[in-house]
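Labels run A, B and C following the written order; every chain starts at residue 1.
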Amino acid sequence: MDIQQTLDSLKNEMAQVRDERKNKLSMVVFSGDLDKLLASFIIATGAAAMGMEVVMFFTFWATPALRDKKKKGKGKDIFGKMFGFMLPRGAKKVTLSKMHMAGMGTAMLKHLMKKKNVASLDEMINLAKEMEVKIFICEMSMDLMGFKQEEMIDYPGREFVGVAKFLAEAGDSKIQLFI
Amino acid sequence: MDIQQTLDSLKNEMAQVRDERKNKLSMVVFSGDLDKLLASFIIATGAAAMGMEVVMFFTFWATPALRDKKKKGKGKDIFGKMFGFMLPRGAKKVTLSKMHMAGMGTAMLKHLMKKKNVASLDEMINLAKEMEVKIFICEMSMDLMGFKQEEMIDYPGREFVGVAKFLAEAGDSKIQLFI
Amino acid sequence: MDIQQTLDSLKNEMAQVRDERKNKLSMVVFSGDLDKLLASFIIATGAAAMGMEVVMFFTFWATPALRDKKKKGKGKDIFGKMFGFMLPRGAKKVTLSKMHMAGMGTAMLKHLMKKKNVASLDEMINLAKEMEVKIFICEMSMDLMGFKQEEMIDYPGREFVGVAKFLAEAGDSKIQLFI
């Protein structure tokens, strides 16, 4: 009797422990540099290919990389318009953190990536979509930069969230990264 | 008899496993950029609000952000004086990693943060204090930059530590980040 | 009978749970800045000193820091030659992310590190070697930058791998960082 109870409580605890560390990867994508965005998508799609659940949380400078260049946000104030103008409009416009060299380095890397059959950032985002990588976008960053939801790329299940959502996801993930 | 022993050893192991992955967040704050410092405090206070234990380990460029502009370190050598002069004196002086634009971008972000009711870095540090976020400062960075303990902000429980302390804290945390 | 079976399956599960979170640290070293490279080796050797298994995964800008300045890669195309020329040739050539100031800041930090008995990057790499820190190098980065395996430093057990290898290592590590 007593033994049976102990066994049951151990089984419950074991289930909890397993549930607290899922086969899941959570990433904060903070950087808006092409190289770091590429790295985050290479890791994300690689993990998804290995059967992991993958969650990407876009914040600060990474947010503009998810803008759709063909869409426009309406009703922006002067700051929103300035940020909108100054920050890159989507994945094709982001640049390297090093050796950008007025566009030459970025162009060279893009050329090399094509030559070596490495997917471009645009293609990576599409691959992530197909592999059901989840994308969350930081509400506060959207608000600060004056971005509107309607100017962001379409992505199934895309959600605008706060830091609590990231922490909840990261909390039961076995891998977490800040990029 | 045998069963009871196995049960006891399983219970012990279970307690150990739980203890090795606490509801805790450990962060290395390496960057001295305003944007990354803000991100680290948003994550830290968000986690504390969710009931997590939070530990921030300030190192390298993040160290000067914890200087108190009203305090001075004594007995510095020439290098200490140079670093002291060149590095920002406290949370109000740190700047953006991107779009600093000779102060314009940083000023604009600060203006926007006020307008959108986002707390300033100074306010974030105070919030962290109230929420009992723990702050550790890297001894080696203090030593290299010639900072003196008496010129750092007062913060309850603040400790000057080495990398082993961070690793011990991170080792039983369920979330770890390098920012 | 039934109890014995439950006990056995619990013991198996417990062994699995322990195996999924080893006393191991996995790091992506992405940055090629001297300060971040130093931080990653300080963390790596610190963790090894505490008895942890340590795995460093060098990718993107961190890759050139592992070049051996005395070695040359053969048969490079024009891009490989350009990257080879533009990127630092080994640990002695990498520079600070901040305050590089045309070499002055980097020189000053190196001088201070010597004065304060902090190991140089070169010495750190040797220390890591002695402490059996494992080094993996990203194949895709090697390919993109046109680096040849024969121009990299000798390091026991060094392997050229893809992202899947990093994810497998990180997945059963209790600490993971992206630097």
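Convention: contacts are C-beta pairs under 8 Å (C-beta built on N, C-alpha and C of every residue); 3 or more make two chains touch, one makes a residue touch a chain.
Note that the structure is a prediction, hence the values are computed from the model and not measured.
A rotation of 120 degrees, rounded to the nearest 5, superposes the Cα atoms of chain A on chain B. In a homomeric contact, the two copies may use the same or different surfaces; for chain A and chain C, under half of the interface residue numbers are shared, pointing to different surfaces. Centroids of chain A and chain C (each the mean of its C-alpha atoms) stand 24 Å apart. The residues of chain C that reach two or more other chains are 3, 7, 10, 14, 17, 21, 176-178, listed in rising order.
Interface of chain C with chain B (complex): residues 3-4, 7, 10-11, 14, 17-18, 21, 23, 25, 35-36, 39, 42-43, 46-47, 49-50, 52, 97-99, 108-109, 111-113, 116, 118, 174-179. Considering their complex, residues 3, 6-7, 10, 13-14, 17, 20-21, 28, 30, 32, 59-61, 79, 82, 86, 140, 143-144, 162-164, 166-168, 170-171, 176-178 of chain B touch chain C.
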